[in-house]
Structure formats: structure tokens, C-alpha cells
Amino acid sequence: MLDKNGIARRIAREVRDGYYVNLGIGIPTLVANFVRDDIQVEFQSENGVLGMGPFPYEGEEDPDLINAGKQTITTLPGASFFDSATSFAMIRGQHVDLTILGAMEVAENGDIANWKIPGKMVKGMGGAMDLVASAENIIVAMMHTNKAGESKLLNKCSLPLTGVACVRKIVTNMAVLEVSPDGFLLRERAPGVTVEDIKKATEGRLVVPSDVPEMQF
Amino acid sequence: MLDKNGIARRIAREVRDGYYVNLGIGIPTLVANFVRDDIQVEFQSENGVLGMGPFPYEGEEDPDLINAGKQTITTLPGASFFDSATSFAMIRGQHVDLTILGAMEVAENGDIANWKIPGKMVKGMGGAMDLVASAENIIVAMMHTNKAGESKLLNKCSLPLTGVACVRKIVTNMAVLEVSPDGFLLRERAPGVTVEDIKKATEGRLVVPSDVPEMQF
Amino acid sequence: MTWKGSISDTGDFVTWGEDPKRLADMIRKTVANAKEALEGVADGMTLMLGGFGLCGIPENAIAELVRLGVTDLTCISNNAGVDDFGLGLLLQKKQIRKMISSYVGENDEFERQMLSGELEVELTPQGTLAEKCRAAQAGIPAFYTPAGYGTEVAQGKETREFNGKMYVMEEAYKADFAFVKAWKGDEAGNLVFKGTARNFNPCMCGAAKITVAEVEELVPAGSLDPNQIHIPGIFVRRIFKGMRYEKRIEQRTVRQR
Amino acid sequence: MTWKGSISDTGDFVTWGEDPKRLADMIRKTVANAKEALEGVADGMTLMLGGFGLCGIPENAIAELVRLGVTDLTCISNNAGVDDFGLGLLLQKKQIRKMISSYVGENDEFERQMLSGELEVELTPQGTLAEKCRAAQAGIPAFYTPAGYGTEVAQGKETREFNGKMYVMEEAYKADFAFVKAWKGDEAGNLVFKGTARNFNPCMCGAAKITVAEVEELVPAGSLDPNQIHIPGIFVRRIFKGMRYEKRIEQRTVRQR
């Protein structure tokens, strides 16, 4: 069973040299910490920056330089600033190579729900609907089950959707899964997790190949 | 009867302090020469410059600095450069206050034809269709009749249209006319031209008020 | 400028209506302060306000809106500020009737008004919000986007297939005033933004009937490199030098040396 | 990247297809010269080419297209060059099957081929042309514009009323390569343009499957001010330093001292 950092570490392996990557808030943000040093990756933040670097040293925070999570950041050589329309031109125009975001629910056809719980205060979808509707390559980072122990990988989402048939890969604390025409395709098990454990924790259709290796990091 | 410079001089009186103006090729280009010195006007050229100045001094031509007529130009303080999409955002978004362009034919409802003669080589509409479809304030600068002596102010255009019901005012070598719901409204006569002369040279419906003063410059 | 008159029996009395206010505005863009810049703002208007979170917000315009006490406002802004800063200041005074935003967290008063039904909220995907502003600026009445297709955001909207993918039709916003904040500006209205304080500000310039820009530094025309202007002055109607920028940081994150 | 495999009986053999070429391209944007930059250009392709008149045209890419001798091309470019420069060079060699432009004067060979029916010409209003490129760049499949409504340009196209005015629906262009010319560029693909040589170049970046930028000056990443970049590198796939720019002036107009 992985913790949040473990999920981020596994997802970091999906990041290739030369990728432009958009990281959502939460576990996805942690991915940046685990990307190999020997590859070049540019992080995009939808509020208008490409080439984000680490947080600033104390005393060097600039209120005019934040990410989409409103956190103070820095930039790396080759960075650029742009307006919101241009930022979403990048996203909608499929120029971003990899989008990593969290989810409340994912359905076996790739539907995702991550913005609204009926009856609770709705904060808004931010850029999530644009990201999931446009990106060719979406990885969801989430826990396999919710706090009540119920599966978050479903036949059909019960919450209002963020996007339809768009998720391509899911990395949870238990497994790596791909969305396939036949359902969730189990690709890898987390260390110490059995196929049986994953079957039990997955409500949606699960396709289990003959060999399901343990995750490599 | 005015010459081309006379037409330009009369049109220059329509240019107000603070206007952004787009000038077409031909007579419209001459208008810049007659705008009063004590008002501030910014000329926009659709290839991507606002704040055009006069032609450069010999030896100071810059191949990276031209107007939409492909002529070498200069810029004035407060000028800006931008891309073609932004340039037509200005035009389509009705941020340009006055558009002055030439025409082959104008109809009494404000239709304009100025880009194509069937059977002849068609060079294209350039930005004219965007300009006439968008501008709130369009003045046509042209001769009242063509080389064969036929009226260019018609009931209905015979040539393929550039835009529909868009022209607001016409300044010719003979008269100043407005497009009104009842036809061409005769506003001013050129020096030495009678109302009768204008009636003869105008095929479209002409509305003649009781008083038609001579043009002032 | 619209046709206001008609032909009388004698063929006289035809007048093209011209809005003298508009002409006067165009002559001189520079105004002295927020008070002059906001002349004409009235109850019930629709306003666009730049900024992302508290970054790049038009602090002076917001303060003046509070001072004016205009109410029943519809505000188009990506976020709604925090309780005691940004648009939160207008919420505290109940000046806003409706918010159009993509994300409205971090604001208790907002939540209270929304849940009680005092405040109407229209949530719009962030990229759609930006593009609806840009469309208004550029004279594009409507466009298609994939964002929100198959979700409740698309309810009541036209959807359509292009090249095998489904899209939602979205229309340009209509607003009375746009309030933006830039880093530098000149007397011709040209603007330059700084860092991620750029965000929605450029998209809103020229997207409302009257665009008001507040800047940290106001310089004479000709002081800015024409090649390096983010928003040409034609998109800006009024410009003024803002005062006492607080530039509050929402999430101060740092690393250790 | 598209789904290429399927589940076998045993539940194995599922492969996400990845284009290794695309990956390789992304790793390193900088290429040595026009020859490398144009790798993959083939007969029958649709190309976008920046420039207005002869100002800001991708001179090196055009020269390489002539050298390659690719034919049956569809070229999207505001103009068609002059007889012996710009796209005129490709016309001379009859490499172009179809031109999509707003204005094609100043070119005798063009006229001859067009009148003889050898060359197909699609004339598009200039603003529509720019916006169709920008739409392709921004993932907008279609938009509405008033340009051309009621004219032959709107024939066969959908028209529609918004707020009492009529508009024409226009779709985004689809192109294989976009060739643009910038003033300065860095190894991250960021571009800065100069004067009116900017024109259609920024609108075409990222509007085709592969965007190739040629620049007068190529600098290391980090040399350009992040705040003053006209086109972020994400819109550019390959970049190279161009050689021997002629920058011909079409209409040399001067005033006397």
C-alpha cells in the first residue's frame, strides 16, 4: 500500500524527457519532487506560467509570481508568462503532453468526477474541465477507496461529472490501471498488495492480465 | 469638382480628436496628410501596428516595419506592434473608431462592392471584408462615377459584395452623402457642383434636403 | 453611434447620434484617480475584474466600488477574493448579486451568502471564462469548446460534433465595465503586465463597454518599447496610477536555504 | 497518442501507441538547419507560412521547400509572394496546388497559373484567416465572425444571428507544418518578433501538427525575459537559426529630409 508520496513517485515515472506537464492540486503537486534529474520537463500552471521552478527561498517570495494553487513559486531558465486565454490555448490546443490530477471518482469508461458533491459547498471546477476535455494524456492520482472504504473506481460515476471518457491511466495507493475498452486494465500492484485486494477494492469492471507485476519506482 | 486630394481633405474633417483610424489603400491613405495638427489621432494598419507615422527618411527604411500597403513606414510615440489575430480583434471588436476605404460601387442601403470584378484577375479582399462587416463608422472615399461616366452610387450593387448595409457616409469628387433609411442623403456639394449635377450622376435613390451647402474644408 | 433621426417631410432633420461622452473619453485616457476612472458605474451593472486569486487584482477599483456603494452587481472574475480582501470586500457589503467565476473557495462570507441564496453563482470552466472574455474583446459572438461537454455545465447549451469530438457552444460575455491592473502603462493606454499578475487582465481589456486600467507606474507615451506592449492602448479607455498596492499573498510557500 | 491495441483472450496485449518521433522531437527542439527542420515534409501536405507581403516570411524554410521539390502543396499564407521571392519561388516550380490567402496581387506567375486553372485559390478575409489559425492553435474547432456575411465568401457556410447581427461560422485550419520566422528565439522554443514582421507568425505557432520556427538570433534558454516572450516555446516543435536573410522591401516609400 502506498502513501501519497508513493503515488506521486510512481507517477513521476510516466514523465518523459521534453514533456510539458500540468499538475493539479494535491497529490499531483508532489509529482514534481520525484521527476528524474536527468530529464528536462517544463511545468505549466494554468494561471499563466510555463517553466515553474521550486518554491522561493524565504524572503524571496514575489506576490506577482504564483501557481494555480495560489502558492508563491519561482521560474527556471526558459520560462515564460502569458495571459489566461493563451494558457488555455495551450491546454485546449493539446500542447500540454501530460495532465495529472486528482479525482473523487473515475468510471471504467474514463469518466471523471472531481469538482462537486451535491449538498456541499461547491468551490468550482477551476481549470479542471478544460484540462480533462482537452488533454490526450491524463493520469489520475488518488486513493483507491474513499474514507468510508468505498471504491473510487466505479462502473459509473455517481457524482456530477468533470469530463467524459477522458482518463487514460489511474495510479492509486494500490495499483496502476489503464482505462481500456473493456474496463479498468490492471497493470501493476503496489508493494504488498495482491490482485485479490485490488479486486475487492474495485467496483468497476476490472480486467486482470495473466501477469500483474509489482510497481517499479 | 474635387480631385483625389480634395476628397481626402474633406474626409479629414471627419476625423476627431482621440480617434483610432484605419485607412484603406488609395485615396484613404491621403487622408493622413490632411488631419489637423491640433488633434491626436492614431492610425491602425491591419498588418499589426497602431500609431503609424510618416514615411521614413531615405536610408532609414526598415524591412520589418511596413503598413498594409506594404510601404515602409515609421511609428510615433505610443505606438505598438501586435499579431494579425490581435489586429483583427481590434477591428472585429469595434475598437477602431473610423474606417475609410475605397469602393467600386455603393448601394443606397449601404452595401459595398470593392474587391472583385467577374472575369478579371481577382487579387483578394485582404482585410476589407472584416473591416466593413465590423466597423460602426465607415466612410467611403471614391469618385462619383467610373471611367465610363456611370454612377457608382447605385440602387443595388452589380458587382460581388464586400459587405452588406455597412457604409455610413460617402465622400466623392462631387458630394458628401449619408446612407439613410430612404436612400443617399445629400449633405454637401463640392465647390462648383450643383444639385442637378449630382442628381444626374447618381443612379441610386437620392434624398435632397431643402438646403445643401457647399463643402467646407 | 447609432441612427437616431429620420427624414422629415422636407427631407431635413437627419442626425447621426454621437455619444459626446464617448468622444470626450477618447480624447484623454489618463484620469487622476479611481474616482474619476469609475465615473458612470451604476447599480445593476455587469463588471469584469482581472486577477487570479489575489494576484493582479485591480485593488484601487475595488476600493472605489466599495466607497461608491453600488449594488446589485454582476461580477465576472475568476475568483471571489478572500473574506477581507479583493472581491470579498464587495461581498461583505452585499454589493454583488451574481458572481461568474471558475473557483470561489477561500471565502466564508461567500459561502454563507451562496448557501442562503442571497448570492447567485455561475460556475464556468476557467478556460471557457478566459475565452468568453477574449471573444468579447475580439468581436467573436460565440465559439465552440470541448470543456464541460457531458457535464452539467453544458446543460441548456448547444453541443455539436467537429471531427468526431463533441463541443459546447459558448457566447461572448457582455459587460459594462472591465477593471484591470497592469504593472506599467503609458498615456496612450498601452499596458505591460508582470509575472503571473497578467492572468485574466489582458483578456478583459476591450471586452466591456469601458475598460479601466490601473497601473503601478504611469509613463508618458513613447516610454514603452512598441515591440513589448502586452495590450495596445486601443483596448483601454481610461488609465490611472493606482495607490498603495497591498499585493497580499494567499499561500506563502517557501523552501529552506 | 491513440489507443492502438485491444484486449486479447487472455487479457494481454494492450498497447498505448506512442509516436517515438514525436517524443524524440520534444526532447530537443533546436535543429542545425532548415534541412533538419523540414524533415517529414512530403508531397500533398498542407503548410502554414507566416508573413505579410514579404515582411516576416520564413525565407529559409521556403528555400528548403524549393530544394526538396515537394509538390501538390496547399499553402495557407496571407499573401503569395512576388514572382521571384517568397512563395513566388514555389509557384515558379509549380509546387503549389492550392493557395489559401486573403490577397494575392503583385505576382504575374500566380495570375497565369490561376487563370489557366493550374492553381486553385481560396480567398479568405484577412481577419478570418488569422482567427482560423489562432483557433487551430487554441483548440477551438469553430467560431463565428461577421466578415463576409452576405457575400460569396459565406456561400455554403452556416450563418447565424447573435444579438441582432448576422455571422458566418468558420472552422479552424488543419495543417501539417507551420513555418514561422521570428527575430529572436531560445533553445526552449520561446520566440520574440520584431515590428510588423510579427503579423501572422504568432497565430500560426502551434496551429499545425509541427511548428518550425526560424530565427535571426538563437540564444540559450534563460536569455530572454520571461515577461517579454511573444510565443511560449510550447507552441514550437523545432527551432533553428536562419541564414542570409534578404528581407526584401516590396514598396520602398520615403520622405525627403
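Each chain carries a letter (A, B, C and D) given by its place in the written order, and its residues are counted from 1.
Quick note on the criterion: contacts are C-beta pairs under 8 Å (C-beta built on N, C-alpha and C of every residue); 3 or more make two chains touch, one makes a residue touch a chain.
The shown structure was predicted, so the numbers you read here are calculated from the model rather than taken from an experiment.
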> Which pair, A-D or B-D, has more C-beta contacts?
Replying inline: B-D
> What is the distance in Å between the mean C-alpha positions of chain A and chain C?
Replying inline: 31
> Roughly how many whole angstrom separate the Cα centroids of chain A and chain B?
Replying inline: 55
> In chain B, what residues contact two or more other chains?
Replying inline: 49, 81-82, 85, 88, 91-92, 134
>> Two-or-more-chain contact residues of chain C, please, as numbers and ranges.
In response: 131, 134, 138-140, 145-146, 193-195, 227
> Which chain pairs here would you call touching?
Replying inline: A-C, A-D, B-C, B-D, C-D
>> Help me check something: in the complex, which residues belonging to chain D touch chain C?
In response: 131, 135, 138-146, 162-163, 165, 167, 171, 192-195, 227-228
> Given the complex with chain A, which residues does chain C contribute to the contact?
Replying inline: 52-56, 78, 101-105, 111, 114-115, 121, 123, 125-131, 133-134, 145-153, 183, 193-203, 230, 247-257
>> Using the touch definition from the top, list the residues of chain C that touch chain B in their complex.
In response: 1, 3, 6-7, 10-12, 14, 16, 23, 25-28, 134, 136-140, 186-188, 190, 206, 220-222, 226-227, 229, 232-235
>> Please output the residues of chain B touching chain C within their complex, sorted ascending.
In response: 16-20, 40, 42, 44, 49-51, 75-82, 85-86, 88-97, 134, 136-137, 168, 178, 180-182, 185, 207-211
> Given the complex with chain C, which residues does chain A contribute to the contact?
Replying inline: 45-49, 54-58, 60-73, 81-85, 87-88, 91-92, 111, 121-130, 133-134, 160-164
